[in-house]
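Each of the next two complexes has chain A plus one other chain: chain B in the first, chain C in the second.
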Partner chain A sequence: MKNSILKIVTLIICIYSRSLDCEAQVIDNKVNIYAEYIIGIFHGKELIEEKNFIYPSLYNNLKDIDGISLKWLYKNHQHISLGINVILLQASNWEYTGHSEYHGSKIKMQSISPTIQFHSKFSETNIFNRGRVFIEIGPTVGLSKLTLSNPLFDIQNEKDAVSIPMKSNDIFYGLTGNVGLEWAITQLIGIYITYSLQFNWVTSKLYNDNQFTSSQLGIGIIMKFKKDKRYFY
Partner chain B sequence: MMKRIFLLFGLLSIVSNGFSQKDNNLISFKTDSDIIYGICFTNKGKALGIADNNTIKVYSTDSRELLNEFKNGHENQVLSIDISQDSTILVSGGKDSTIVIWDLVNNKILSSLSNQKGIITSVQISPDGNYLVSGGTDNNAYLYDLEKSEVIQVFSDHTDDITSVKFSPDGKLIATASGDKIINIYEVKSFKLIGSLTGHRSWVRDISFSKDGTKLISCGDDSRIITWNISDIYKIRKQNAKKVGLDWLLSIDFHKDKGTYAYGGMNGEIKIVTPIGSYILKIARPIQKILFNPQRIYLKVAVATRGNGVIMTDTRNMKWKDFSKFR
Partner chain C sequence: MSKTNWILILLITVISCNEQNEFEYPLVFTGDVINITDTSATFTAKISNPGKYPILESGFIWGVHSNDNYGIKIRNEGIPDGVYALQTNYKLLPGKTYYVRAYVLTESTVTYGREVTFNSLEGQVELGKWSLIINDGFDNSGRFVSVESSFTINDTTYFATYGSLYCFSHISNTFSFVLANPILLHADISVVFNGYVYIFHYNAFYRFDPKSKSFNKLSVLNEDVARINGSGFLINDKIYIGLGEGSSKFWKYIITEDSWQQIASFPGSVRRNAFNFSINNVGYIGGGFNFHKFSTKSDFWCYNPENDQWIRKENLPIVNEDMFDLVGDNTENFGYCFYKNKLYEYNPVFNIWGKMADLNNNRNLGYPHLFAVKDKIYLMASKYDDNNRYFIMWVYEK
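Up next is the complex of A and B:
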């Protein structure tokens, strides 16, 4: 399903871009909204050693991450924009040979990140007439919602009423950095790709990971608002 | 994962290929800067003034030879220039908030005016050579007595940057275009505001009177071209409005022949519209200013661009689009 959507979007953008003439100058605008589809992976050791016990990591053995992000940026300097990034990710497909603790489990992560973006300007000539590179950095705070598909442990004594936790909501915090390239299609719409790196700290009762690192590749659409009317003076 | 990465890069390469820029071989004038904001013709069209950074250069339009250079009047980029009908006075205004009045014949500064607080975006000398009007980012239009170099009236009705100021061909009216989406018409004699023309939905960038003074044409960031009937100045009405594309239109100029005008804007397209069809030329650089050459050989325009300096072209280099096909 996702593949089909991606193919259709690709096709539409290709046809649309072909049908357009080159615009001579893209105006830097004051407000940008970025909507992005993200795929990614977790990085780090698959096993965690703690108090002489070795556990398989929850995050680092989740093979699939995907999600969306929505970012609002306001340009308050020629090369600097400030804004807010909201990221919604989900991770699944936990795999580690010989272990089945988190098989079928899913994590949904919602995070918010105040972002500062350093960007180039659209130039009069060359490739940067339509393209713009940017680097972003910002602190992140979020909620990681784990849903287990199986209980992590069995209760032997059936007489005792013990509730087995199957869900855990944990707050994480950290840093997010992005590098990206944006390409203006018209004065109003552009597309972009980003590579992001996130480093976060987390604590939970249902897993032993206390930090996780992920990298993500994103493709998205930029909607541009509030043009800089005094662009030449 | 790799498949997706390839797909992303494939997509980007296809899109970027679709935007490759094309440059035409056009007549150009040698300027230091590739970004030119202000140009003007002498009355007969034999010479062209170009605001090249903080210098004004005057070229022969036929040989493209540099005839004269006006230096040391401005400290920053000149945005607008004009030459009097008798080709004796040159005025210039720009980013340094200064208007300089030059003796065009003897190449010397007659006076330097610093009454305006903001950037000066537009200047024009009245057809009789007695007045000068200017506008800029302080939202005011200033009427000067050119000989005395004194402000005789300040028009303060706009609420945003003034982008263009023009005298009517008989010199009796002044039109001012602004970022507040309004065009104001003033009577020179009484300094009265005769009319405020509303119809644009974004910044009005340029205005031009028809040579008989019965029409005014305007363009702006809303991609609209509006023709106003001003034959009766107390009953000004919108005669025609059309939206052309999606880009900002930065400059427009009426030709001597009724109903013919040229315009250009951010998309780098020069268009000369006649009653029976239009001529189009794409130069892939934003057009800051477009002016018809007063010499009446062909429909010939000088174009100040953002990236290609100043070019001149006539309809022989342009693509013809016949309106009758669409009727």
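Up next is the complex of A and C:
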């Protein structure tokens, strides 16, 4: 994770240093592509309780989350952009005192989220010429791929060997909300940071979580396309 | 292509990536144990996947041994949908660690959930006490040396010794000689059924009528080897016998049909003079020794006639001893074995041996014999003083 952060920071510095001789004013644009590195945590109870049944949560005891996201947004109003966000995350380091069910297990999550972004209005002169504050919200659908390191069940068959389930692919769906700040470095490149909150529902045969909530912190770069140029003849 | 179409394509891609989790067999999670009191606890579970095959049975298997597939079962009535909870079906023993697994049974498989442990509350264990009831009983016949087997009818216990039968009245606490008969030589197995006594001698049972004091020979066991120092137990109307020197075969004698059938052979090593008893329609064999190898045994087995299966149970709690004087018997619910002033109680429900009150005795006991009458355990042994032979008897009760 440290290496990834270092690479991103180095990239941002290089891009910024290249842009030092650029013009002070940037031109508004219609299409932004965001690439982001994410770290996060799950929130929620460590134990699942369903009627009398009590069992350790899978998601809420995973201590490490990191991943990347790629977002495409089209500005179709001075305050609103629409687009789509693809997120790839992996979670690991399951810990819960006195239990070892999911020790060493890993989850890879792929999700897609149609996103609506409400942002500050572009300005030709002041801080909002380069800077932008935004809030995003969108529904999410995704796939959670669990790989167990230890079998959760013992299946005995008198005749044949039985393969114990060690993987589960489960669809989750929910809502994602982001708040963030972005800053244009050049006409083409910018940087941004976000804080995201995700709430998702999920069902699986290998764990008992019905939902999970995670918050994520992201840092990334923006590529700006389709300049909103107006020519006066 | 419009934006909507792009979104639809991406959604379809994500959904199509989902490899369907169609697990063939049932999956069950064992939940945490709740409501633990000094006598009971509640187990919880959840069936997350019913599988492709019909579920025949589900519930919990629990006990004091880890991963014990022969532990105590609690079954659901019917097939639960998802979460289920059941309370322990036997009173918890104090101060023990228990292991619980949920299970689901189909025709071909059994699925166990993770094993959950819990500790019962600490409590007092009833160790019982010994009382001396006969001291210095004079064996004037000189034959009352070693009791090979005993049986009790009403308030009288009979002892088969080398060719003789003695009886002890529990009312008057007196012994008397009954009869002498060669059939009583090597009378290692004797059981009472419908008021008659069935005594095994070499290769056949003899039915003894205590009223007429007569013996009647029954059908012969067709075997090359005469069974001496074998073991046996009564379950319903069947007597199961086997072992003895040189054979691990076991047989079933059906009293009501006067016929013999071979059953599953004893899976442990061959032995003689193993102690034996039956509790709740399950037979038990423990201890014994191999005369040729001069080795004693500390393993303990049970036989279930329902499935003609021998299962190894918890070893006897005696190790590194010669154990030639190891004796055992049972009350209605517990088995007992006695060795060198130490009494151990076997709990067949939990498959566990527990040490009971020691016998307060500083003499060398010769040929100890343990027998149970109702809830009491009796120990009889002989001793020599000044070249005279005496016998001595204690009773143990809780």
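Going forward, the second predicted complex is superposed on the first by the 197 of 233 C-alpha atoms of A that agree within 3 Å, B and C clash if a C-alpha of one lies under 4 Å from a C-alpha of the other, contacts with A are read in each partner's own complex, and residues count from 1 in each chain.
Definition applied: contacts are C-beta pairs under 8 Å (C-beta built on N, C-alpha and C of every residue); 3 or more make two chains touch, one makes a residue touch a chain.
Please read these numbers as outputs of a predicted model, since none were measured by experiment.
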Q. Once the shared chain is lined up, is A:41 touching chain B (first), chain C (second), both, or neither of them?
A. first
Q.
Under the stated touch criterion, which partner chain does A:141 make contact with: chain B (first), chain C (second), both, or neither?
A. second
(Q) Looking at A:187, would you say it contacts chain B, chain C, both, or neither? Reply first, second, both or neither. (A) first
**Q.** chain B/chain C common contact set on chain A
**A.** none
(Q) Please output the residues of chain C touching chain A within their complex, sorted ascending. (A) 3, 6-7, 10-11, 14-15, 17-21, 23, 25, 27-29, 31-32, 34, 42, 44-46, 48-49, 69, 83, 85, 101, 108-114
Q: Under the touch definition given earlier, write down the residues of chain A that touch chain C in their complex.
A: 47, 50-55, 74, 82, 84, 86, 101, 110-112, 114, 141-143, 152-159, 162, 165, 168-171, 204-206, 208
Q.
List the residues on chain B that touch chain A in their complex, please.
A. 1, 4-5, 7-8, 11-12, 14-16, 18-22, 34-35, 37, 77, 79, 95, 119, 121, 137, 161, 179, 203, 221, 246-248, 266-269, 282-288, 306-307
Q | In the complex, chain A residues that touch chain B | A | 6, 10, 13-14, 17-18, 20-25, 27, 39, 41, 124-125, 127, 129-131, 181, 183, 185-188, 191, 193, 217, 219, 227, 229-230, 232-233
